[in-house]
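Below are two complexes that have chain A in common, paired first with chain B and then with chain C.
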Partner chain A sequence: MDLGFLLVQSLSGLASASSLFVIASGLTLVFGVTRIVNFAHGSFYMLGAYVAVTLVPWLFEFDRSPLLFFTGVIASALVVGGLGVLMELLLLRRLYKVPELFQLLATFGVVLMVQDAVLWIWGPVEISGPRAPGLRHGVEILGQRFPAYELLLIGVGPAVLGLLWLLMHRTRFGILIRAATRDREMVGALGVNQALLFTGTLFLGAFLAGLGGALQIPRVAVSSQMDLSIITEAFVVTVIGGMGSVPGAFLAAVLIGQLNAFGVLIFPKITLVLVFLLMAAVLVVKPWGLLGRPETAAGRAALPEGILATPRFGAWEKAIAGLAIAAMLAVPVLGDGYAVKVATEILIFALAAFSLNFLVGNGGIVSFGHAAYFGLGAYAAGLLVTKAGLPMEPALLAAPVAGAAFAALFGFFVVRLTGIYLAMLTLAFAQIAYAVCFQWVEVTGGDNGVVGVWPSDWARSRAVFHYLVAACCILGIWALRHVVYAPFGATLRAARDSEARANAIGIDARTHRWLAFTLAGGAAGLAGGLYAFSKGSIDPTLLAIPLSVDFLAMILLGGIQTVMGAVAGAAAFHAIKDFFMPLTDHWRFFLGASIIALVLVFPRGLGGAYGALRGRA
Partner chain B sequence: MADPVLEVSGITAGYGPAEVLFGVDLTLERGAVAALMGRNGAGKSTTLKAIMGLLPVRGGRIRFAGAEIANWAPYRIARAGLGYVPEDRRIFTDLTVAENLEVGRRAARGGRPPWTPERLYEIFPNLAEMRGRSAAAMSGGEQQMLTIARTLMGNPDAVLLDEPSEGLAPVIVELMAEAVLRMKAEGIAVLLSEQSLDFAAAVADRAYVIERGSIRFAGSMEALEADEAIRTTYLTV
Partner chain C sequence: MAAFTLSRRAALAAGAGLAAGLRPGLAPAQGAPIKVGELNSYSRMAAFSVPYRNAIQLAVDGINQAGGVMGGRPLEFVFRDDGSTPGDAVRVAEDLLTREGCAFLAGTFLSNVGLAVADFANQRKKLFLATEPLTDALTMGQGNRYTFRLRPSTYMQTRMVVEAARGKTAKRWAIVAPNYEYGQSAAANFKKLIGGTIPGAEIVAEQYPALGRVDAGATVGALAQARPDGIFNVLFGADLTAFVREGNTRGLFERRTVLSLLTGEPEYMIPLGDECPDGWIVTGYPWEQVEAPAHKAFVAAYRARFNDTPRKGSVLGYVTAQVVAALLNKAGTTETEALVDAFPGLRTDTIVGSVLMRGIDQQSTMGTWVGETVLRGRTGTMRNARYADGADFLFPEAEVRAARPGR
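What follows is the complex of A and B.
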């Protein structure tokens, strides 16, 4: 490796860092002011790219000049900024008072809707954009050729950083943004209309995302998968840099750019993992990121979001639970094969969702990567059967063990954090697990996964397997419910409501949270193992973000304030999804719209509605 | 009782399921200083927050400068001319002193000359020396001056001042008393919450005593000073 090669490698890392920073700066600004973690930021990036591949070729009809290229790029970013304003006015404005988790979920609903809208408008085929005129050549650097456009990108990052600095320090709008990032309630009490400030911030954030996307068109083909891949990277940048800190985002973007550029040379197999390892390492040492500050308590909800009362089952509840179990057991007798498949899946998801609400509702540990433990359980069971030739029974025992073991490992770091940083770290660990399953092709089969994960002969029939699943899941839910009612559950709620006070009365809050995380991981692992056998295969979607989001949607639909809501939520969510998916090609759009409607109309979920009905809320 | 700028009648408010205020009544005359006295947890800060719109008002009425402002958004209340100086100061520590003042700036409502950073630096010379510095580097007393100056930048007709003397050195407390009297001299009405009778007696014309969320005494400051029974029942710690 000579010096020129290293330099060029480093420069290409800087070019990526520059693009990443432009996008992440918008995300971190929006988070700083609105405290909303905007999943749809990736959608704005994607829309910026799509608008640009439409607009720039149209402008080239007039004149193929660099001026028109950059006019097109800026115009695309402005269009996306307008869409950001639209999102703020129509959706976010209604969300500022709802709990963080609902906000995240609602913005994920927007992600789903935009994905379908993009497929509908631009079609499923990747679109290659035009090259930038005047910047198509390579530049000679120490004997290596380096694309001129990449050199330009290297300049864009610092230029945006400089312009943002001027905006933030030299204009009233910027000063208000910085003040609101610290204490938005006080800014309001001084006479500043927050609504306008938020709308302005969303415009700026979406503009930056759109700019980042539009600048990519000469480099990458535009596709409808751009949104989720960039949003995780942008999350990582903002978290490493410190959420709300623009200079922090720049520092983090440069770090990640260099790590990727050189990591690919040294560890080509685990590039995806490296970035998340860096994030985990930074958060363990600096829990608020490199340049972040601890969350101020000001303006946050005074009441904990989660299970408050733990009523015992009365006559009604016993009857409902009995009926539900009887209905599940009757499905193989009364229903057809498809009904049995759906019922089996509902049972499995009910256990997974219940284990997640055990963390979220009872423990205040908002895991954004619960699918990781579900998926790792599935992979453990699936690989033991297909690669080690073990029968189903020991493989099914291994699934919860694997889920619990990884939950114990990841949870050791996770429970050191709280709030949104905790959620982001769970997401990071889930992405590490996903990346390993995706990239370690020899063992895991990569993207295709592994097929042939079949139950033992005695459980081969759908009906018998259904009863096996029912036994495992109902027992699992019953056992976890027992833990919620036990002193351990009450201790977790105490640690959730005030870690300091719990510690002060002699509770080791962190250890309790760690044990809870491990237990929930084990239950999710069992659910995952059962799922692998019900499908007969494993693949990386079992640990991917969309499944984690599905689990969250289930518990929110069910109501995180109630103990049993998660079970009802899993059943309702899976039924809705199963109903929409075959009905239309645009199921994502309807799922996203349903999630948003759910958050806006039904903020306490089915369980909350039931509790109100029974006069217990 | 000629010309009230702020009239609070029977407001109730609280945090979640906990009720804190059970029908608070008080009146602030235009250009006057009133002190809301009471022990820790009596409901002083909660009353001011409820008036400012920072806490939902569950019942009762608040009239300010001719408008019913109960449950308005805080920014509308501030724009109507009511300033708020919080107990915990809530300085924007990422901003410089001058930038903190800029956040508070609003157009004058006519009549009095508008507040400018220069005029405020005259009253609080310490701030002038630190104008370009980060507010995070300030002492508690300097932060208290900044938070008052920041509110005055909004050119308010009346100011809610939450525990202005709390936790400050005696020399700074004196400065605070001077600042309150200066506001009064400028024609700004002040409603301050206070535990120290000495401080309140030095600045206020009228006194209210609050205990467990209701007003137990309303009268002139002199009357409160004369009423030994009220003082020992509700104020002495």
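What follows is the complex of A and C.
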């Protein structure tokens, strides 16, 4: 390999890194100040690109000059910054008093709505933006041609970094951002107008995302799937760099850019997972990312965000639970075949969501990758039936075993971390598992998956299978609920609320968390196994990020502060989706709107609302 | 948005009524409609699937005005979004069969969704006409009695472009394909076939960027470094645009033979705009150059009704409706086993010519167009385009028997 090639390849990496940094810097700032895990950041990136492909050609009507091109780009970013302010004022501001995770749910609703709004406004066909005037050509570097525009992009990253440094160190606004990133409560106590600070930060974050998107239009086609392709990578960059650290994000972006540029030469098929391998490695060695700091609040007894009270079922609750179970058992008698199918799925998702809330609500372990254990359970069951020729019964037993085994393996590393870093490590492991299922075509069938995963003959009728699922899921939920009330559950809550104090009274917090992670993985694995048999097939979407996010949405809709909320959330989420899907192509918009409406009306979830009604919240 | 969809449907119905009124000679279909359950990625892959649905509507209205199917009954397609995941699609399929009372299923876009619905159809013993999924497995290793496929498969399209390269001298080949089943199997087919067309051809580089997130600069650099004489491209959609832009600027395609799947389809040509490369050998759909009278009438009707030019999806949708009508007319019943028995050997005169459903692998002989890309004005199109009849590019029967014992 000659020198010119190595240089140009590394310049390609720097150009990608520069774009990635601009986007990730906005994400890291917003998280640092507001602690919001802003899923909608990718949507702002996409909106920046869409606004720019509309605005820039319009400006070109006047004059096709580089100046107008960059004016258009900045103007697009400003527009998107304004949309960020709108989201803060209309939505997030109403949610600062509830646990931080609910804001994640609200931003997820925004993601769904923006996706369909973009399709509606700009249409489904991808749009190629105009090239930048005067920068269309290639520049000869050591015998290799390199795009002039990308040379410019390489400069943009450090320029943004420099400007952000000036902002952070030379302006009052910037100093407040840094202060809030270090200790938000203290900034509030000193009398700083937090609302204004948050609005300003959201503007800056959305502006940077929009700028990142607008700068891409001469390179890529603008499509409605840009948001999802960038958001995970942006999160990876911020986490590797350390959440809240702008220089860290820059360092991580350069690292990932170079890794991708040279990774494709050595492992052309592994681009899917390379960045997640890097993130997992970094987090195992440096739990706060490269340049991040431990959270100041980590030593303090923080306000717990999860199940606080564990009331026993009263007469009302017993009646409701009895009714719900009776309704589920009556579906095959009263409903048609389709109703049975939907009810079966609700039961399965209820078990999966309950197992996730067992981690999130009870253990304070926020997993962004819970679908991994669901999917691995499904794969274990599916592969045993199709490849090993086993009948359904032993395969179904293997599903929770597989889920628990992988949860134990991954959990060993996961429970050493806390907060957002823990969440991102679960995501990294989930993506690695996903990539293995996706890539290992000979065994797993690749992304086509494996078909022919059907129940044994006796359980083949929908009604019988429904009762089998009902028995497994209701027993599973009952058993997990029992654990929540048992001393083990109380110990987990203690470890969640203050690990230091729990350790001081002789509790091995880490081991307890590890066992909890394994148990939840097993329950999710059982749900996954049942799901495989209800669908007849397995494929990598069962471990993919969208399903993990769906599970999170379910427990948040239900309310993470109550024991049974997850079950209600799973039913509500699935019912809403099933209601809108046949009605319109734009069902994601309505699903997102329903989620946002529910978050605003019941900011603590359905379970929280019920608790308030019964005077227990 | 729901209101928008409804009002458009109302407008379509009004338009159909008007058209029916203008042709008094034909008795419109009467009686209970024959329902076909159509599930597709209307939300995620709307650029392809909405023109597809439009054309089905157009064809079905024409069929019903001309007297319907099975001796006078109206044909009706019930459209549903498949959610783009196998899990959602199987639930939607259940909805179509049990609640909507559809006689059989058609559609799907993604290969994993198509395979899951095919297996579901096999389990429920209902016919499934997979219109769009390209994976070879659907009619080969994982084929079943109830599943039929309309569109030319990955293997067939790869073979079309490879044979079009006959006479080229490029020996050193680089492959760039999206990293999922379609890309992987197109690459595997290419490796198998290229030696037969160009003796002594070798593969010198392979790149498999993740679908939808190609790092175009790094990929183009890696391909150029291998100094190939020819490039086989399987990228499409947003990935293709990013790749072509980067490749154009860096001179990757200069003095190289490029074979590319699907690139000539309007769905992918329109976003490329004036970046459309010159002289790539592609499969596609040059709708303005197809001279057959039936096709010209289709184009005129499509443009008049939807105020848009037809896409590849449109032609597939129209042919789907024509084949479904022919199937129902031949079987004379909606009973599944009779339909499944009637389908093999069914020959339909369609707007792309005669289409036969081959019995041995249940793959139709619908073809596609092969030609070279060329930039005319500000958009790309195809030159020297000719219709490659799928019948000439099917899997050899011996290979089908090896993949599907008992056939």
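Definition applied: the second predicted complex is superposed on the first by the 568 of 617 C-alpha atoms of A that agree within 3 Å, B and C clash if a C-alpha of one lies under 4 Å from a C-alpha of the other, contacts with A are read in each partner's own complex, and residues count from 1 in each chain.
As a working rule, contacts are C-beta pairs under 8 Å (C-beta built on N, C-alpha and C of every residue); 3 or more make two chains touch, one makes a residue touch a chain.
Bear in mind that the values here come from a model prediction, so they are computed numbers and not experimental data.
**Q** Touch test for A:326: chain B only (first), chain C only (second), both, or neither?
**A** So A:326 meets neither chain B nor chain C here.
**Q** Examine A:613 and indicate which partner it touches, taking first as chain B and second as chain C; both and neither are also allowed.
**A** After superposing on A, A:613 lies clear of both chain B and chain C.
**Q** Tell me which partner A:500 touches in the superposition: chain B (first), chain C (second), both or neither.
**A** neither
**Q** Is chain A touched at more residues by chain B or by chain C?
**A** C
**Q** Thinking of the overlay built on chain A, is A:172 touched by chain B (first), by chain C (second), by both, or by neither?
**A** first
**Q** Once chain A of both complexes is superposed, is A:181 in touch with chain B (first), chain C (second), both, or neither?
**A** First partner only.
**Q** Would you check which partner chain A:601 touches, where first means chain B only, second means chain C only, and both and neither mean what they say?
**A** The answer is neither, since A:601 touches no partner chain.
**Q** Thinking of the overlay built on chain A, is A:189 touched by chain B (first), by chain C (second), by both, or by neither?
**A** A:189: touches chain B, not chain C.
**Q** Classify the contacts of A:16 with the two partner chains as first (chain B alone), second (chain C alone), both, or neither.
**A** Second partner only, chain C.
**Q** In their shared complex, at which residues does chain B touch chain A?
**A** 15-16, 52-54, 73-75, 78-79, 84, 86, 90, 92-95, 99-100, 102-104, 106, 150-151, 154
**Q** Across the complex, what residues on chain A touch chain B?
**A** Touch residues, chain A against chain B: 172, 175-176, 178-179, 181-183, 185-194, 298, 302-303.
**Q** What does chain C use to touch chain A in their complex?
**A** Those in contact with chain A are residues 1-2, 5, 42-47, 50, 80-81, 83, 85-88, 90-92, 94-95, 97-99, 111-112, 115-116, 118-120, 123, 135, 137, 142, 179-181, 184, 206-210, 212-213, 215-219, 221-222, 224-225, 237-238, 240-242, 245-246, 249-251, 267, 270-273, 275.
**Q** Could you list, by residue number, the parts of chain A that touch chain C in their complex?
**A** Per the touch definition, chain A meets chain C at residues 1, 5, 8-9, 12-13, 15-16, 116, 119-120, 124-128, 131, 136-138, 144-147, 149-150, 218-223, 225-226, 229, 233, 260-261, 264-265, 268-269, 271-272, 336-338, 341-342, 345, 438, 441, 446-449, 451-452, 454, 531, 535-537, 539, 541-542, 546, 578, 581-589.
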